[in-house]
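For reference, the structures are reproduced in the following blocks.
Both complexes shown next keep chain A, but they swap its partner, so chain B is in the first and chain C is in the second.
Right after this comes the complex of A and B.
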């Protein structure tokens, strides 16, 4: 069936809401160095200042500006999510398509690796690696990507296998088309929805994991992170700073994850019309 | 040797201009023995009648004749017109082509028939008597022999002409279109008359465009094209196994009772005879011409049937030959020892029930899969040695379901352009080419249409797009794999017509894969029946339908024909 994904997405209210939220959050994050009023790594005032015009969300236990910290932490989350999703998608796409097209022993090996990775709980591996090696953010991004690409690869491979037998691809092959041409013109466009889904899902997982790990304190403590902020805020709950310290961090994280969830929900609905609500649902 | 043509050339001067001539006959050499009939076939304008007139030394005034016609050992070119007159009607007589003015309108036919006898000195009464008997023999009803030519029907006039030729009992008969204007029953009678003449030892030169009549009466058939002999072959092979592409095209144009395939004329138009081309004269209309055909005149070569063919490729060439192919998928043997040939410009139908191995065979032929044993030869080269991309350029495939075989992401333009893009020949001219292709398959060419996506088109339209896509690279072979089985009868009929027209116009070969022997019978020259991975029958289509040999074929035909379900 022919679907024009962009036109459909524009019509999907849930998707548009999610996308707008995500764009707002990520734009703020990207512009953090410009809009943050204070240096988040430096003492700017006395500790535990309540919100004021100078410090929108007050200051923390050592006098850092919480608002600036929040912007930089959001930046870390967005960067982490997008990079992990991009790398995982690329790996998954390349390995999945090639496994389906090449087949044979190569396919077997790739799929066994996928099986193995599926069996390993990624959060545990990440905790162990992070706690033991204390790696930098970049390395952590790569590590996480390397252990969560498997579901994408599996989906892509299955889809490619089914596409491979499609008459229009056979027709192109019989016209003398090269594998590169078939990939570019026939397979990749068909894989787009799967990749988009995978991208959003992986980004969500990555954002959540980064926050979780830093909350547990096994993340580079010098990096600004929503998890670290929450973890510190929790220690001073008795001082009644939750509304200007803990809540903004929790809300930002939630909004980021919800926006991604909404986008993925919309994508799923577009490419699987059976999920469409309203009268259509009753007829299925 | 009663009648012989030696290097006969005839040119006609065109009025008004000096040295401006057209060639009517070019270097014709031909022999006719006693008790033998040779027929000359060809399109109109090929020089048949000129040959008949030349044999009687009756060329028209603007004709220039060189070479010689030898009648009973005498070279007629050395004879004076007086001597020639003695030979005419006594040694050689002619049945002229039946035009209205052939007979003298002011004489009764019985007198006209008697005229040669009277000129030879027989008494008038005896001549009239003989003439009456001859007209009786030619089944002119008693009483009608006293009529004037204009009072007779054209069929009767034809028989009067025949009677004139037979009355002198000359040893050589030249018959120019003797059956062009008679009905089938009279035709059969005339065939009997001619056969009798042959049996009593006369030499007959039969000029006709009626191929079945030529096959019926003559021993040899000579195919004349634009004044040149292209092929001579035993007449019994004429309808079933012609060697020259031109002869095949003539046979395809000719209606034969048992043939169900649609008639197709010879593609293109006969050449202008004012200039002689350097290469083969049939090249512009040929379905299998190669470079050498443009450069040199072909030489005559003998064929295995005992005939002669004038063709650089020694007659109709084989395009694909499949030799003892076998193929299995794991434990299932799909094709067992299959051998098959496809000639250039031929339409072969591959018929069999689903699961009989038809699709596997086409996949093997397109090189999509490799055979387990045996080999496939394409134009003399092993398929495995041909570059896949080059081969793909020569083969267009139309698939069963156009909905699946065209990507839903491509609009009409992109779908048809795809082969051009793949072969990196998409350029500024391509848009025009695509529009032409659309025109050829009778689809609209406006911008609105070419931007439509597959889901906006009907099955018939989409299959036309698929055909346009298959033809855009101008392939030499079209494989139609159940191309019409998804379509409703009306659309199917249109698509079949379209495919056949394109096949004929472009002279391409075609493999038509179908489970429907009824459709195969309408489109193909030859049917190969596949059953359980074997070819059980492979003969010209009308033979298979008229007289199926294999049990399975009989069953298949009965299944299509039967309108009743047997009682269980």
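Right after this comes the complex of A and C.
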């Protein structure tokens, strides 16, 4: 492959902006226990304090420091997004590659499951499961990964099928390369862009789902979450708390998802060179 | 052709199997009592009488396959269960809410498709220029802001602080409006949820059409049309865009899941009395029969729409007939 992804990415202004935003937000999230000025579960303070030096964003209805809460909630979002994306990508990659290489009935079964999963609105499934089991965060991570891996598997399978017939793979095979060697040296590297793309897309879905589900009130209520913050802030809007309570939560969530959207577009542009540049070649 | 039919039938059967698994098997697989797991909402006390009635209804004293048969018969009769929290059959509740959701979804689907397509076509035509780049970046940003956030901001700014739009509902209660005033009232309540839902969909359409146009523009027939001296606008919309919109139709099915997610949050935020708000209420009350009913109806709707799209697609792009 004659695309140098990292060099190309560095030149892509949209991608770099997204990546910088994402890194800033996730670093803040990871360092939350160090940065947060207060314990986010400490409700000993007066409630509904306006922003001050002690409480940067004031306190909420039961006296939590909103700024610390925000940092911890961001941490949940980032953790949820990254882990769901990692699990979903792994499942999608394994099933996609194996379906393409094994073929036959196995391929058929996997692809039909993929199609069926595409037709089912994952949010409703997740809501139903969450309502039955009232699961912990980890179980929700796994459940969500189990219902959103399908698009990755589909893309990976198509790509592997087309790679399988390429001359350089045949040449390698003729020279006696083992399946594992071909997988490692020829197939997996070429699947990297698809996986990177899938990772970012799924992370985005997961971040949204986590905030959304906790907004609806079916997420583990003991964790800090942007969705929970929003839903509580909405209840006290009449107290004019929207600029120090609602808005920060809404903005953090939006910034996190916008950063992922920018990165995913940049990846798409880099690996599909036809999308780059101007129309000159075609319109002259 | 036969292969294709077989494929689609398998997909539908699998989907329905998955649905049955969730609705029928899952509550029975849970440790503990099925009735208590399904019906113990926050506002329901399960008396012995009700308990026995429910056991009879679901045939829980019979073997599993008989229970399954009873479930299927009820499903075939359009009986999706009874919500003991709302004191109404689930089917009635869903049918009351469905028209509002349909109104919201269909209108926003058409609006966003038109806006997204026009923007995408125009943007791809001047690709790399400033207009295109700024449109692209702003679309990416709009795409990233979740509908949840947009809805909350709109509600706060336009309804709570501005007071220009209603904060909840689909029409003014007890207003006894009729005729044009009634329609105006409904539109008035529709505007904010509709704008939010449409905004959340435009970027998807825009990006899809823009990328597909970029690939179409370099086709030789576009060059030919240009050489023949056909007007720019005509080439853009009747030659290039005619083919560039095809991926839009193949993706309607996938997009539906996205729209359902959007509707759920938007209706909840604006208290718009559709399926989304019904789902939210079912969640808050732990009304599991109602949740199951909503899941069933939405999956069946998605499948139905997929069939329609599939049939339509053959009309729009006759090449698929030969592809299989």
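Observations
The rule is simple: the second predicted complex is superposed on the first by the 274 of 284 C-alpha atoms of A that agree within 3 Å, B and C clash if a C-alpha of one lies under 4 Å from a C-alpha of the other, contacts with A are read in each partner's own complex, and residues count from 1 in each chain.
We adopt the following convention: a contact is a pair of C-beta atoms (placed from the backbone, for glycine too) under 8 Å apart; a residue touches a chain by one contact, two chains touch by 3 or more.
From a predicted model like this one, the values you see are computed outputs, not experimental measurements.
Per the definitions stated earlier, placing chain B and chain C onto a shared chain A by superposition produces no clash, and the two fit side by side. Aligning the two complexes via chain A yields an angle of 110° at the C-alpha centre of chain A, spanning the centres of chain B and chain C, rounded to a multiple of 10. Legend: residue contacts after superposition of the two complexes on their common chain; A:30 is shown touching neither chain B nor chain C.
In the superposition on chain A, A:128 makes contact with chain C only, while chain B stays out of contact range.
Which of chain B and chain C touches more residues of chain A is settled by the count: it is C.
After overlaying the two complexes on the shared chain, residue contacts for A:158 are found with neither chain B nor chain C.
When the two complexes are overlaid on their common chain A, residue A:166 makes contact with chain B while staying clear of chain C. Using the contact criterion defined above for the overlaid structures, shared-chain residue A:177 touches chain B, although it does not reach chain C. When both complexes are overlaid on chain A, the residue A:265 reaches chain C alone and has no touch with chain B. Taking every C-alpha atom of chain B against every C-alpha atom of chain C, the smallest gap after superposition is 17 Å. Overlap of the chain B and chain C interfaces on chain A comprises no residues.
Of all the residues in chain A, the ones that touch chain C in their complex are 14, 112-113, 115-125, 127-129, 131-133, 204, 208, 211-212, 215-218, 227, 230, 234, 237, 242, 246, 250-251, 253-254, 257-262, 265, 268, 272, 274-275, 277-279, 281-283. Contact residues on chain B toward chain A in their complex (touch as defined above): 366, 368, 388-393, 395, 397, 399-401, 404-409, 418-419, 421-423, 453-455. Looking at the complex, you find that chain A touches chain B at residues 1-2, 166-178, 181, 185-186, 189-190.
Chain C meets chain A in the complex at residues 7, 10-12, 14-15, 17-19, 22, 26-27, 30, 37, 124-129, 136-137, 140-141, 143-146, 148-149, 152-153, 156, 160, 207, 211, 214-215, 217-218, 222-223, 226, 253-254, 256-257, 260-261, 264-265, 268, 279-280, 283-284, 286, 288, 291-292, 294-295, 298-299, 302-303, 306.
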